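Two complexes come next, and they have one chain in common, subunit A, joined by subunit B in the first and subunit C in the second.
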Partner chain A sequence: MIESLLRATLLGLQLGMTLALVAAGLTLIFGMMDVINFAHGALYMFGAYFGLLVGESLGSFWLALLLAPLIVGLIGAAIEILSLRPLYGRNPLYHILLTFGIAIMVQGIVVQIWGSQSRRIPAPDLLTGSVSFGPVTYPVYWLFVLVLSTVLIGTIWIAIERSDLGILMRASAHDTEMVDALGVDVKKVFTGVFVFGSVLAAVAGVLLGASRSVHPGMGFGVIIEAFVIVVIGGLGSFKGAIYAALLIGLVIAYGALIAPALTDLFIFTLMAAVLIVKPSGLFGATEAA
Partner chain B sequence: MSELTDVGGENDARPRSSSSRRLTVDSIETYYGDSHVLFDVSLSVGDGEIVALVGRNGAGKTTTLRSIMGLTPAKSGRIEKDGESIHGLDPHQVRKRGISWIPEERRVFGGLTVDENLRLAAHTADTDQRERIEEVYDRFSRLDERRTQKAGTMSGGEQQMLAIARALLGPETDLLLLDEPSEGLAPQIVKDVESIIRELNEEGVTVLLVEQNAEMALGLADRAYVLETGEIVHESSADELLADRSAMEQYLGVQ
Partner chain C sequence: MKSVMNLAADLKTAIGIGETTGPIGEQVLSSQGRLAALVVAGVLAVFAPVAQAFEPFWLNILTRMLVFALLALSLDFVFGYAGLLSFGHAAMFGAGGYAAALAIREVTTNALVVLPASMLVGVAVAAFIGWFSVRAKGIYFAMLTLAFAQMFYVIVFTDLPATVLDVETITGGDDGLFGIPLYEAIGIDFTSRLLYFYLTLVLVLVSFAVLVRVANSPFGRTMQGIRENEERMQFIGYDVQRYKLLAFSISGGFAGLAGGLYVPFQSVAQPGLLHWTISGELVVMLLLGGMGTLWGPMLGGALVIYLEERLAGFATWEIILGSVFVVVVIFAPRGLAGTLISIKNDPRNTITHVKQALRNYVEKVRG
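The block that comes next holds the complex of A and B.
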């Protein structure tokens, strides 16, 4: 019993940290650009499929982990510059419709190219097998995912708190026009943030593509989880997204232990409870970091 | 441009020749969506001058500054800084031409500390600004004491100091656009703000000052324009306007 609980905890943290990679981009894009990006799940899925493509054709998981996010970053840049940019300053509904449309198009493209069956990115030999912590055995690959995601999230967190770029991000989330008037080319900042979010989503796609499965429905699956996380954490709050992602990861992992069929119910109950107690989410809408 | 619209005779505060003009705004028309806000607005600010733009609420004073800054671009007309057109530039490009905007309600970044607010402004310059940040702290000792305080938790006067300090960092500033710097401040603090504006001006910064508090603005300024429902209706030296009781009452409601 304790073994499976410990195992679920590790799994929950790992899943939470990977979801945090997706949710971080979503919340930063919303916080700074006021864009509700329904295409974020599609970028995550593109990450997984390009990871699959690179992994299978070049035979290297590591190249997949490096190249897929770069490709998706370029796609993100194209989406931001060509489709989002002309709509800034208009009703946010335009962005919802646009990104939702992009998500549907990406799903269609994926089915056309790769078909609709479920696949998996081959994990590298280096990361096969499992390790034991006392009574708990845990796959090495999952441990790798946990460590890598944690390092990435930790680095980003410190950068947002300390660096000039982080200050710029928090200031833009607060008052974009003022930042522009201070001499910052906000258009470039927006593109940068969108690309950054796309890259993070793609990294998560590759990482989970080798442990969960790669299939055309994964984009919409993850976007729902990510939105729940962002709403629980507080729209636009980076810190909130990380805490909420860990919370959701753990709920999914423990839920799978108790009643696998009911995990979605648990997640949405949690979201409803948070919203009833604190409608602006754990870290409110005014707290930009 | 130097012709007075309704004050004839001698005028010792006539703007200097166009070569020493910091800013020229020529017949701009500005809209918010479909609503026409500025009608054929022309004004000029000479190098080293303090020019006040006064008028009642909703006259278009803020919009004039926003048009110069490129935040609400003018549909037509000409805007020049030091003889070069800045019409059509984005706000960040206008800032790089040496124009700093201190908006109504100051708009400091409330969730950032004082130091972060200044670092953000400094970071847009091409040169290393660490020394200039320290200079700013020397000038504004209130800010020096509050480096790590969140800007949003400071008083209005302190936020105004921060907004001015922020405008002085980053690309070199030689023209300040100040929007309602006295708004919501206690009289003593307004005095402080006035003396800072005067000090900066003596150091060579040209100022275009928008104020609801006309007497304060005219006390500081060399020349003044009165804006009424989007049109310039009066132009004279600040002293003349201040002395002209009927104009003061007619345009500004000052008894």
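The block that comes next holds the complex of A and C.
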């Protein structure tokens, strides 16, 4: 019992941290540009597929982990500049139509290029096998994912809180016009944040692509989990997204112990409960407006 | 066919033909628009037997287009018209569909019993979701409705009611409910696809007429006021939450009706009907068609279904459909309805408008 509980805790933390990579970009993009980005899951999926491409053609997981996010970052830049930029200032609802369209396109492109069967990115030999902590045995790869994503999230957190770029980002989110008036090119900040979010999503895609399966439905699958996290954490709050991601990761892991079929029910009940009690989410700055 | 004739007569009075109407600007649908709606319905009614004779497959698509037009209409009534951004309309659609499937299986195939039951179930589910959600505003309302709809999805998918009641199956779980027969009512056997099409057409028209009527009524005006300025309406003394709940429930009823029409036609009720992607697709239909106009979203819904059906043969259908969404949202911000209206009002300058839209786009991309 203790054993499976410990195992579930580790698994939950690992899942939570990788989901945090997806949710962080989603919440930053929403916080800054008011864009509900349905294409975020598609970028995550692109990350996994480009990881697969690089991993299989160059035979290196590490190169895949490095190159795939860069490629997806470029795609993210193209999406932001060519399609989102003309829409700023319009009713944010239209971003839904736009990003939904992009998400469908990406799904179609993936099916065209890679087919619709399930695949898996080969994990490096270095990370195969498992380690044991007392009674619990745990795959090395999952441990690696946990450590890497925690380090990444920690670094970003510090960067957002402390660095000049982080301050610029928060300022742009807080008052776009003022930052613009101060002589900063806010458009570039927007593009930068979107690219940054795309890169994070792609990293998560590569990491999970080697432990979960890579298939054309994965984009729409992850986006809803990421949304739940962003909403529970508070729309636009980075800190909130991280805490909520860990919470959801643990709920999924523990839920799998109690009633595997009903984990989704737990998650959405939790989401509804949070919204009813505190509509702005756990760490949301403002009340519902 | 007698009932169909009667319904058509009712319809004429319902949409107020021959009545004097107020200034056109205030109406959801001008008298010209009403005429256009009737003409479209007439053309469809004439076209259907032809389609049946030459290519029965067309009748299939048309019926599905009509059902989704109705569903998009029901959503627009709250989303575009009352400003309630529901992201959970799949729940009412699916609930209505499952209600119909269960009623047909266990009780009767009489449409006069089953369809009202579907509507009632839609109303009940909407009232339940709405009761928890109407206090939240804007995007938070959207997220709450999404959460509740997904709960319903999981409940249906895992067949939770059967587990709780300790019976073998109720919703059929993952597989859904198969082999649902078509309706019959007052001696008419709707097992003919053509008659089923007419049944759908008439019900969609009646629903449209009713919702336009409601939208133009004092109740509709109040909803418009709430959309524009909720606090102000509250200060004037309106019980804003009650109005929102009522509007949401009415909308849910029509979404349930759409489900009740869809499931017997497809002969299967599966959990996918309640999945959030249906809700998302509905919002897309709305924005594509032009929200808040009631008729625009119907066009949007019909168009999306049409494209999905027609493009299904192409391997690249998702890419094409996605591109259509992207192009429309960038170049036709007010959707199909907006584009049609601007072409109608100013047909000569259409080319100029297109050029201007392209120039604007390039300018904005360059920053």
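Just so we're on the same page, the second predicted complex is superposed on the first by the 284 of 289 C-alpha atoms of A that agree within 3 Å, B and C clash if a C-alpha of one lies under 4 Å from a C-alpha of the other, contacts with A are read in each partner's own complex, and residues count from 1 in each chain.
Heads up, the rule we're going with is that a contact is a pair of C-beta atoms (placed from the backbone, for glycine too) under 8 Å apart; a residue touches a chain by one contact, two chains touch by 3 or more.
Just so it is clear, the model here is predicted, and its values are computed rather than measured.
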Partner chain(s) touched by A:271 [first = subunit B, second = subunit C, both, neither]: second
Touched partner set for A:170, first subunit B, second subunit C, both or neither: first
Comparing the two partners subunit B and subunit C, which touches a greater set of residues in subunit A: C
Contacts of A:180 with subunit B and subunit C, given as first, second, both or neither: first
Subunit B versus subunit C as contact partner of A:125, first or second or both or neither: neither
Partner chain(s) touched by A:109 [first = subunit B, second = subunit C, both, neither]: second
Common interface residues of subunit A - those touching subunit B in one complex and subunit C in the other: 185, 187, 288-289
Contacting residues of subunit A [partner subunit B, same complex]: 164, 167-168, 170-171, 174-175, 177-187, 286-289
Subunit C-touching residues of subunit A, taken from the complex the two chains share: 36, 38, 81-83, 85-87, 90, 93-94, 96-98, 100-109, 111-112, 185, 187, 220, 224, 227-228, 231, 235, 261-262, 264-265, 268-269, 271-272, 275-276, 279-280, 288-289
Contact set on subunit C toward subunit A in their complex: 85, 132, 136-140, 143-144, 146-148, 150-151, 153-155, 158, 160, 276-277, 280-281, 283-284, 287-288, 291, 315-326, 328-330, 333, 360-361, 364-365, 367
Subunit B to subunit A touching residues, read off their complex: 69, 71, 90-92, 94-96, 101, 103, 107, 109-112, 116-117, 119-121, 123-125, 166, 170-171
